[in-house]
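Consider the two complexes below, in which chain A is the common component and chain B and chain C are the respective partners.
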Partner chain A sequence: MIDMVLASAGLTLIAIGVFCDFVAAIGLIRLPNFFTRLHAATVGAIGGAVVPMLGAALLAIGYEPLGETRFILAGVAFTTSIVTMILSQAGSHALARAAYRARAAPLQPITYDALAEKRGDSSE
Partner chain B sequence: MRLSDIAIGVSMAMLALLLSYLIVYGGLGPIATLNLRPLAVSFLNYTYNPWKIVYSAMSPEAVTAIVWDFRGLDTYFETSVLFIAIVGLIALFRGANVVQGVSSKGLSIIVKTSTKLVAPLILVAGASLAFHGHLSPGGGFQGGSFMTVAMTLLAIAFSIEFFQQKKLTLNRLLAIRCIGLLAIVVVSVYLLVKAVLLGGYAYIFQNMPRINSQYSMPSWFLDRPLAGILFFFNLSESIAVIGGLTLGVVLLLLREEELKAIIGGGEHE
Partner chain C sequence: MKKLTRFIAVFLYIYAFYIMFTASTTEFSLTLGFIASALLAALSTPFLIQRNLGAHDLKSFAYLLLYYFRYMIIEEYKAHKQVIKIVLSRKLDIKPAIVKVPYSVKTDYGMTLIAGSITNTPGTCVVDVDEKRHLFYVHWIYATTIEPEKAREEISKVFEEYAAKIFG
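For the complex of A and B:
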């Protein structure tokens, strides 16, 4: 019973990950500028890598024939997903900040630029 | 344009399908039979063999046994090549030093916080890779490079002035590197010196007792195989690599203000 629940929860999380990856792939092609595409890439990293890895951890715990190994697999998958969750947001934040401050990417389809207002910069 | 997009998409999908087909049906190959090839038999005999210690490296990890026991001298020369490359880099940047307060205070607080969380994890993982090199895949160079990743993250997120504030100057990094290399030399001639002082025969890079030499490095630590020389080599190699590669990274990250005095260019302007 419990392994059935774990397996279906894990498969659900992996399905969510597939959906997020699909959305991220479409967004990377269709979105207009660098910053929005970076958002799509982060959707792919968090939704498409962290969530399915948690699902893989649940799936591994629920799969009895693996024996003791399944706890190792689940622990590794869980740790990897947590570390990815910490690092992918930091990486995309650093990329976006560097691109904004170096003016390396056009801001063009923009509705509101809070950073420019904060720095008293009205060039954009 | 439109057609090429479709072609790229279809070919990527075909590639993914092909890869998953290969992985699921036989891409991993048939399970190996129980009959070992003669090469595998000899490696199994010579890497961990408590019944014939004179022919054995006493390390459960065959690759580390080959790298540091069977061809230890060769590996030492490889390490020296890397050291000479670092020495060349230092000669190029001679007199360079990290100046405090030039421009950057590092990256933003988000990056700094996540680096603080992750850098100790990377250091611990690299250390376990290095110190377990005689028991599991890994080794000194791999572990040292792994730890250098954490040092590079720190250097970029906190700026290289952070190292200076933590008393980790360029000279200290070079000293760490030299201590690592010196430790390799000391470990490799330790048994020879012991034999000269106490009488008897020994070899350089000797690990376990050999046919005409009863001297031996410790092969057990409590109830775990220590593999004698392999553990000490991995330890000192990882220290040497983390010192040398971090030094190289810091030198390559030096700012313009610090390099002006060395590279010059003043006389042409």
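For the complex of A and C:
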């Protein structure tokens, strides 16, 4: 009974992950510039990596034939999902800041840019 | 004594992480983990915690767990729904803007928690931070407002409440 529940919960989470990855891939092609694509990439990082990894942990715990190995698999999947969630934001921050400061990516289309004022009055 | 409390707190974090990651309870693995965690904790404690720890930190930790639970379910769901709708709609309906979002927490940990939460929700991403004027510059895929206070209401109000409770 309990393994059925765990397996269905895990498979549901993995299905959500597949959908999010699919949307992220389409978004990366459709959206117009680097900064908006970054948002699609975030969908791929949280919905498409953290969530299915939790699902894999649940699935591994519920699968009896693996014996002791399932705890190792579940532990690795769980910690990896937590670490991905805490650390993926650092990468996004670094990419966004570097791309903006180096003007490596076109900003258009953009309706309002508060950062341009700041760079205007402080001459660094 | 106070130094020892800090050391033990960091050590427990690392050791719990190690045990969860390896998920093995053999004597060799536990001993090796103990030694490695003690070494790492001794090296990294001065960089991680500067102030003294007390009983209220346990309460903060409970708030942190509660926060991540709530954050994962409610905030992430809302943000994902919005971005998925934008990507899958027939006509690309975006209004990107870089807006100012003020914050009021004082510690670095609190700032990191808020900035990380903003970036981790799809649709908003922190581009730059102004520590003197207490501002985040946030790239927003569908900007409904460019007023800093209103943007704060919509983007980071919940994160800020919890960050103030957790890290002060």
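By our rule, the second predicted complex is superposed on the first by the 116 of 124 C-alpha atoms of A that agree within 3 Å, B and C clash if a C-alpha of one lies under 4 Å from a C-alpha of the other, contacts with A are read in each partner's own complex, and residues count from 1 in each chain.
Everything that follows uses one rule, which is that a contact is a pair of C-beta atoms (placed from the backbone, for glycine too) under 8 Å apart; a residue touches a chain by one contact, two chains touch by 3 or more.
What you see is a predicted model; the values in this text were computed from it and never measured.
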item: Partners on chain A (chain B, chain C) - clash or fit; value: fit
item: Partner chain in contact with A:36 - chain B first, chain C second, else both or neither; value: second
item: Touching partner for A:84 - first (chain B), second (chain C), both, neither; value: neither
item: A:75 touches, of chain B and chain C: first, second, both or neither?; value: second
item: Chain B, chain C and vertex chain A (Cα centres) - angle in steps of 10°; value: 80
item: Partner chain in contact with A:97 - chain B first, chain C second, else both or neither; value: both
item: Touched partner set for A:110, first chain B, second chain C, both or neither; value: second
item: Partner contacting more residues of chain A (chain B vs chain C); value: C
item: Chain B versus chain C - smallest C-alpha distance in the overlay, whole Å; value: 5
item: Contacts on chain A seen with chain B and repeated with chain C across the two complexes; value: 86, 89-90, 93, 97
item: Chain C residues within the chain A interface of the complex; value: 17, 20-24, 76, 80, 83-84, 86-88, 92, 94-100, 115-116, 119-128, 130, 137, 139, 141, 143, 146
item: Residues of chain A touching chain C in the complex; value: 20, 23, 26-27, 30-32, 35-36, 38-40, 42-43, 45-47, 71-72, 74-76, 78-79, 85-86, 88-90, 92-93, 96-97, 100-101, 109-115, 118
item: Chain A partner contacts - residues on chain B that touch it in the complex; value: 107-108, 110-111, 113-115, 117-118, 121
item: Chain A - residues contacting chain B, complex; value: 83, 86-87, 89-90, 93-94, 97
